[in-house]
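Listed below are the structures to be examined.
Heads up, the next two complexes both have chain A, just with different partners, chain B and then chain C.
Up next is the complex of A and B:
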């Protein structure tokens, strides 16, 4: 591509903000790929709304990363001028949309976590993060509610929808463990009271999903199963490269383009 | 009822929004949804994207009893000549002041 990627000085706090921002941006982009393809107009609007909520969260976090990095980068630079290996999002959110069950289950897994996560982050000693958390929590709560209603109906629906939801769960489950992991950089922030330890959300997340799965007539996979990891340190599935190529082609080909 | 016959699994619902406390719910449109809960979600996602309201009502379109447009003459025209039903028809004596 024409424009070279930026280099980001990833201090623990910058890295933290980029990780959370990348989660939101990549999931938002995935949801935007449903526009024009939704099963119904009503559901397509719901995906669009979720995507816009997540774009807003990503922007706030990128803006904060830009402010603390203080290297002259802005939100667009972070979104458009980093390669896949520089992206720090969870592998879960970059997984392809698949069918409706895959998209809904991915949304359920992520929002069930994000809702608890942002609620807990409202007590952060970092006032900016606490404010972003307060806004994001309400949005995530609705995403969870909506995804849960749908997963219950898909699991408890027809034989076809039940089978597809089971298949989706098999495909996505190995990507759920990464949400609860943290590294040395995050533990440092955790000890300073800036962020919370995501591992503390593992049990409540599982309990909450258990309720949804029980109502859906689905079996929740064992927590001891092997989990995929790598997104947080830039080791992504090939899907992210394709996604970024599509998302970044315009600003990379025509730097500074406005329309 | 438009839609209900053609989409038996996602019937038509009518959406009402209360824009502010103290105001009545007002009809804003309709949508298709499989059940009441999903209808409420869809109403939220379709009709409250720009801060339109603080409360939603969802009603199955099939529950609404509508007047027949063919009866409009019988139902509504006779009232056109009853201008004395409007309060402005009457002159209030000066001495009454504000009522």
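Up next is the complex of A and C:
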């Protein structure tokens, strides 16, 4: 690749904004990979809509990261000119689309969290983050409701859709623990009232998923199972590199290219 | 002086229509939030309906063009997020225009309750309330696809938000 990556001065707040922006961008890219392959036209529209909302959230967070870093980077630099090890997203959102059950369950796990998360973040002492949260909360409510309806339909559907949803759950469950973790940088922001502690959402998230799983006839895995981690500090699964190669090749090969 | 400039700017900017729903102006939609004049520079504040609304950059461009046509050059267009846009920002005139255009306007208030509960959206073509949702995500971020059981016509519903 022709262009070298940028170096980002990751103060706690910059790092925080990048982590949340990366979640939204990577999930949105995954969803965009369904376009042209969706099971029905309506579902392609749904994925396209989710993706657009998430890109909008990512842009607002990258723009904020750029403003506080004040090093001359912009939204595109963050998206296109960082390598996998510089990405700070959850491992959950970079997991491959798999079948429809995997995609919907990944969406359910993430949006059930994001909906609670952004609603709680509306009380942030940071006015920009509170404003981004107020927009994101409305959007994730739609994403959650749609994903929940589908997971119920899949779990309570045919023997095959039920089995596939169980398989998807086994594969994705180990990536759900990371959503509730925070490190020293985030605890500092948390104490200052800038962000909330995601650990406080563990119980409501589980209760909410419990309702969906009960309606779907699925068993919710134990919260004590071993969990994967690493995305927040740049240790990713190999899937992210492939995703970034596809997403970044044009701006990396033709720096400054415009339509 | 500056009050006069602001009024002229408002008149020009408020005439800009949403590129995806061309019967609505950005003033009807509540996307046009404020116009501030400081040291002779006009700043127009707009807000997105949805975070990823792809019409925003086009709206910004059209606002600049409309202001330039009104003789106001060098205006800035700024995107603001707070307070977050909800369908309550849509004016009464805007709701009426939507209906006449064939798009069912959003139900008032209710946000989250309306999202999960029973809804009876009136068909913008025949007025019947015996309607059903075909797909919660429609041709743009802000619309869902519905169908009227009475007249059989499909229609767009501007989602409550």
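The criterion applied here is as follows: the second predicted complex is superposed on the first by the 259 of 259 C-alpha atoms of A that agree within 3 Å, B and C clash if a C-alpha of one lies under 4 Å from a C-alpha of the other, contacts with A are read in each partner's own complex, and residues count from 1 in each chain.
We adopt the following convention: contacts are C-beta pairs under 8 Å (C-beta built on N, C-alpha and C of every residue); 3 or more make two chains touch, one makes a residue touch a chain.
Note that the coordinates shown come from a computational prediction; the quantities given were computed from them, not determined experimentally.
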Under the stated touch criterion, which partner chain does A:49 make contact with: chain B (first), chain C (second), both, or neither?
both
Quick one: classify A:135 as touching chain B (first), chain C (second), both or neither.
second
First (chain B), second (chain C), both or neither: which does A:57 touch?
second
Counting residues of chain A touched by each of chain B and chain C, the higher count belongs to C
Touch check for A:127: first (chain B), second (chain C), both, or neither?
second
Let me test your reading of the model: by the given contact rule, A:245 touches which partner, first (chain B), second (chain C), both or neither?
neither
Tell me the contact category for A:146 with respect to chain B and chain C: first, second, both or neither.
both
So which positions on chain A get touched by both chain B and chain C?
42, 45-46, 49, 142, 145-146
Quick check on the complex: what are the chain B residues that touch chain A?
10, 31-34, 37-38, 41-42, 44-46, 49
Spell out the part of chain A that touches chain B in their complex, as residue ranges.
40, 42-43, 45-46, 49, 142, 145-146, 149-150, 153
Chain C-touching residues of chain A, taken from the complex the two chains share:
42, 45-46, 48-57, 59-60, 127-128, 130-132, 134-136, 138-139, 141-142, 145-146
Chain A contact footprint on chain C (complex, rising order):
48, 50-54, 80-86, 111-112, 115-116, 134-139, 141, 145, 159, 161
